[in-house]
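Two complexes follow with subunit A in common, the first pairing it with subunit B and the second with subunit C.
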Partner chain A sequence: MTPRLAVRKTYKMYINGAFVRSESGRSYRPEGNADMNLPLGSRKDLRDAVRAARQAQSKWASLTAMNRGQILYRIAEMVDARRDEFQEMLGGKPRHAQEVEDTVTTFVWYAGWTDKFQAVLGTVDPVAGPYFTFTLPEPTGVVGIVPPPSHSLLGCARHLAPVLATGNTAVILAGDADTRPQLLLGEILATSDVPQGVANILTGSVKELLPWLSAHMDVNAIDLSGCPEPLLADAERNAAENVKRVYRFQPVAPLSPYVMAEAIEAKTVWHPLAR
Partner chain B sequence: MVTTTLPLSDVLVALPARIDTVAAEERAAALAKRSIKKESKLFALDLAIRCMDLTTLEGADTPGKVHSICLKAMHPAPNDPAIPSVAAVCVYPSMVSHAKEVLKGSGVHVASVATSFPSGQSFRDIKIREVEEAQRAGADEIDMVIDRGAFLSGRLDEVYEEIVQVKEACGSAHLKVILETAELGSYDNIRKASLIALAAGADFIKTSTGKLTQAATLPITLVMLEAIRDYAWKTGIRAGMKPAGGIKTAKQAIQYLVLLNETLGSEWLTPAMFRLGASSLLNDVLMQIEKERTGSYFAAEYFSEA
Partner chain C sequence: MPSHKLPTPESTHQEAPFEVFGYAPAPESTSIVSLAERYDCFINGEFTPPHSGSYFPTINPSTEEVLAQVALGDSADVDRAVTAAAAAFPAWSGLTPGERARYLFRIARIIQERSRELAVLETMDGGKPIKESRDVDLPLVAAHFFYYAGWADKLEWAFPGATLRPLGVCGQIIPWNFPLLMLAWKIAPALATGNTVVLKPAETTPLTALFFADICQQADLPPGVVNIVTGAGQTGQALVEHPQVAKIAFTGSTEVGKIIQKSLAGRGTHLSLELGGKAANIVFDDAPLDQAVEGIINGIYFNQGHVCCAGSRLLVEESVAGILLEKLRSRMMTLRVGNPLDKNTDVGAINSKMQLEKIEELVLSGVAEGADLFQTPCTLPDKGFWFPPTVLSGVAQSSRVVREEIFGPVLSVLTFRTPEEAVEKANNTPYGLSAGIWTDKGSRILWMSNHLRAGVIWANTYNRFDPTAPFGGYKESGFGREGGLHGLLPYVEISR
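After this line comes the complex of A and B, so read on.
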């Protein structure tokens, strides 16, 4: 029997629950990989992603903590099911297998936190009077993420999972290296019951797109972990325009509940005591 | 505006209704793809605001809600004097006096829907009376609905006569005739209904009530604009156009303006000849103006509701 022709894959970004090429029709070849074309996102792709994230946010935040946890756990299951594919894309070495294991662990770990972070990051405040005040963590809204490039898969996981766990929605700007693992993560998200628009993954030039992301007035927080030093000052200045929360973790965010504290707002409510 | 009524049969014979569906849809789609440069975009966005009929037609409308929408109509962006007022506020007849009170002296018109909006299924004398009352309460413009029941059963004369009578009842108020295109069934019917309304003396023809899920579309608007154009060629009488319903984004608004300019020319690019009926369009237009000015994408939370 003659072997069939190879089915070559078209890698696509994940925006608003759909797999898309760039609106601009552009693509790029990562350095040292002349045989693959990956989508080169444009500012309009970014705009569409932010709009989708904004639209999805209130509903995602209003899901029960348990439901969000189930969905994050489902992401872990799906990554686990395709771990060989991930490992091969990452480079095929034992340390890459470890990166996939760590990614699975990350999603499981944050899945467990969805109904517990309120108790750690919120408080019953000590007050000198006949009433209570509670401080409750609430999602800040839409979070733009530039994940650290050192670990293409784990970088996404460690920076995305805490943002989703707390009820935020995310737009990931994955850069223009070999981003196949990040794009494959998009396929994972699409099969994990993550509602459309909740997590969006764009590839393309950080230099070109970061100014638009950091200046976007509908983005409430921005994770600049993967932002190259020369772009940092401008990104922070842009972010100040609408007082975005700005944070970075290097080389990669740790597994810690306090990572979740970066993209939350503290709401304090007052409640009288019964007499 | 000088308008007269013409015998219906003359108009329908002189201007047959045969629409090439594919061509109409292709042309509308092609015009919608025009790329608009930055300066033209700012002009179009400004014009879209000046041509807007800010609309609230809910069972839950209160004088308070109408009050706040009137304030929004006069000052869409209160901290920015460069942003113009909208053309009119469109309300139910019972809200006309409240709107009139707030808008007095502002140049913003009060438009009232009438004739048993949105279905139009009532008695002729009640519809006429409603128009008179709305006009007496201070409406500058009347948005009537045609009797689709009569139209679809072929009683075109009845539709025509009703519009003529409503036009009389309007007095000095401008008359916009809503065809409710989604219920007419075909482009041929939409053109025929447009011509009936124009022959009967409509100052404007309007696509929809906004109460059905299918509202204004570009091809439907194109068909109506061409009816206006052909009628103007034949008679010299120029009527205005108002697409309404489902126009939510600045991008759509610009597409309608391109269609208008390409079909009827720049003389129609004025609130006297063109209106956009919308309830949620204004904030998106304001957002796009801000984006063109500042160069960064904007967020809805910076603009007031209503």
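After this line comes the complex of A and C, so read on.
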């Protein structure tokens, strides 16, 4: 029998629920992997992703918490089903199996938070007067994420799941290392009933794209955990242009409900009590 | 600059629909306040002359009389204050939580004991009606310290599973519209969580903060825990730029907030911002209109409209716009504008000449863009800074008076036909601090609250504040909350 000739996969970014090459037609070869061409996203790709995230946001936030939880759980199921593929892409060592396992755990954990974070991050406010007053956490809106590069898969999971759980939508800037795991995560999202535009994954140069993401006036918050130090000050300066919420977790966001607090707004509602 | 001249209040005079009572003058005595000729910075528990040797006058905006000379703090003073706060931090954060609580309870009590003195001083230095400083500002100031005093020894139960650590030295910069209340909103949660502070009061209203320094001494608060450096914008800038400051908390304009956020870029300094607003106050056709009128008046003329959450855009359902505006105008005829120290005064003095000029310029631009102007007919005092309660109707979404924060007693009126349109118009602003909803329909209140992108929603009420209720903005109105459980978060590092 002749050796099987593989049907190779074209790696594509995940924007607005579709798998796309960069509109710029550019690609890059990650260091040490001369045999693959990964998409080198452009600033137009980035704008498309932000627009998709914005369009998807209010509907995603208005799904029932139960429904969002089921979708996040479905992501965990899909990662679990392709754990071998992920492990091999990550490097094939036992620690990579652990990273996949931690990723599954992360999505399961946040799946359960979608209808519980309100109990931890919301309050009834006993004001001194005849009013019923309460404070609810609401999504901030569109969140730009530069995940920590140290864990290509888990970094995405730990920084994306809390943002999605609370009803935000996201644009992930995955960088230009070997980003196959992040691109595979796009395939997972596409088959987990995540509505189009809710999570977008771009690959490419952080140095090239971050100025546009951090300055984008329709991005409400930005997670700069994976931002290289030399780019940090500029990114934060850009972020001030529309008073973005800026946050970082290093080396990687913990499993904690307070990570969700970074991309929520507290809304306080007052109403008088009267007969 | 528009070429129109602003009509005087007299020229828009209309007949009151009924005979309005005259009120005899009822001035509050100022004898309870004894002012020194000049005030130094409060650093490390002591009043310390400024490094520059310079002082600037603070005036009563209703009379333009100089009340006192106040130290012009510079970067050397800021540095001394930050050094004192940093030196005090280990001991203060290392106190037992119960002891920190007791200091804050003490401060709350002293504020209650001295509340009349502080209320009168607040009105003298800032121009707000004594009715408000006495019945709103001061009770809230004391309540805020009382509330966060109670948190100081309960932090381990604040956020389940998490450990909280104080940040260190907090630089706090506050505005002139609620001088002592903003001080309370800043200092109480910072101290409760174990931080030490350097506070920069607003240039035009530094006096109550300096009296608060005296209260810290009365309370035997350890030196350096609270430091107060008076001055202008450059003093605040020196505080923002100081490398030993772990956190900046700022309340003020969105413009300055952005400058601060930019100058902190890449430094890892914590930041919370409470910035401007352009709140929609939305009235549906089924609203109790008379109540709504009271809410509109309170929403925009409370504190001369110098309120970041002021209901400065009235959105009224088209079918009741005519009757509502008629009721609003007739209610405006009864507003008493004048001496802030008079206990009957509803609307006091504009805080400064600069602010008055800004209000005048914006209202002129509104008239130039075609707005109909209505103002409370009143005789304004000769001295001081005054602007009569004003309504601009016939304005467009694109008008400057609809888009820009005026921070004065000026209401712009727009109409809508459906709840969706009301939401669309209300959210059509970079701001997102507050909003009002007036309707008898409960489900509509909840639906509207859900869709309005603002941090505080008042339904069938407006401008209510309480230490237990978080306050703060969405979008370009800032981030972080003040008040309530959420008000602890900007002052701690949280680890699970």
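Keep this in mind: the second predicted complex is superposed on the first by the 269 of 275 C-alpha atoms of A that agree within 3 Å, B and C clash if a C-alpha of one lies under 4 Å from a C-alpha of the other, contacts with A are read in each partner's own complex, and residues count from 1 in each chain.
We adopt the following convention: contacts are C-beta pairs under 8 Å (C-beta built on N, C-alpha and C of every residue); 3 or more make two chains touch, one makes a residue touch a chain.
Fair warning: this is a prediction, and the values are worked out from it, not measured in the lab.
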Judging by the criteria at the top, classify the pair subunit B and subunit C on subunit A as clash or fit. fit
In the overlay, answer first, second, both or neither for which of subunit B and subunit C A:Asp84 touches. neither
Classify the contacts of A:Asn242 with the two partner chains as first (subunit B alone), second (subunit C alone), both, or neither. both
Given the overlay on chain A, how many degrees, to the nearest 10, lie between subunit B and subunit C at the CA centre of subunit A? 80
Looking at the overlay, does A:Arg47 come into contact with subunit B only (first), subunit C only (second), both, or neither? first
Subunit B versus subunit C as contact partner of A:Leu232, first or second or both or neither: second
First (subunit B), second (subunit C), both or neither touched by A:Glu265: second
Who touches more of subunit A, subunit B or subunit C? C
Can A:Trp212 be said to touch subunit B (first), subunit C (second), both, or neither? first
Please give the nearest C-alpha separation between subunit B and subunit C in the three-chain superposition, to the whole Å. 5
Can you list the residues of subunit A that meet both subunit B and subunit C? 241-242
List the residues on subunit A that touch subunit C in their complex, please. 120, 123, 125-129, 131, 133, 135, 140, 220, 232-237, 239-243, 245, 254-258, 261, 265-272
What part of subunit A is in contact with subunit B in the complex they form? 47, 50, 54, 212, 215-218, 238, 241-242
What residues on subunit B touch subunit A, complex-wise? 295-302
For a test of understanding, state which residues of subunit C touch subunit A in their complex under the given definition. 143, 159-162, 254, 257-258, 261-262, 264-267, 273, 275, 430, 445, 449, 454-461, 464, 466, 468-472, 474-479, 481, 484-486, 489, 494-496
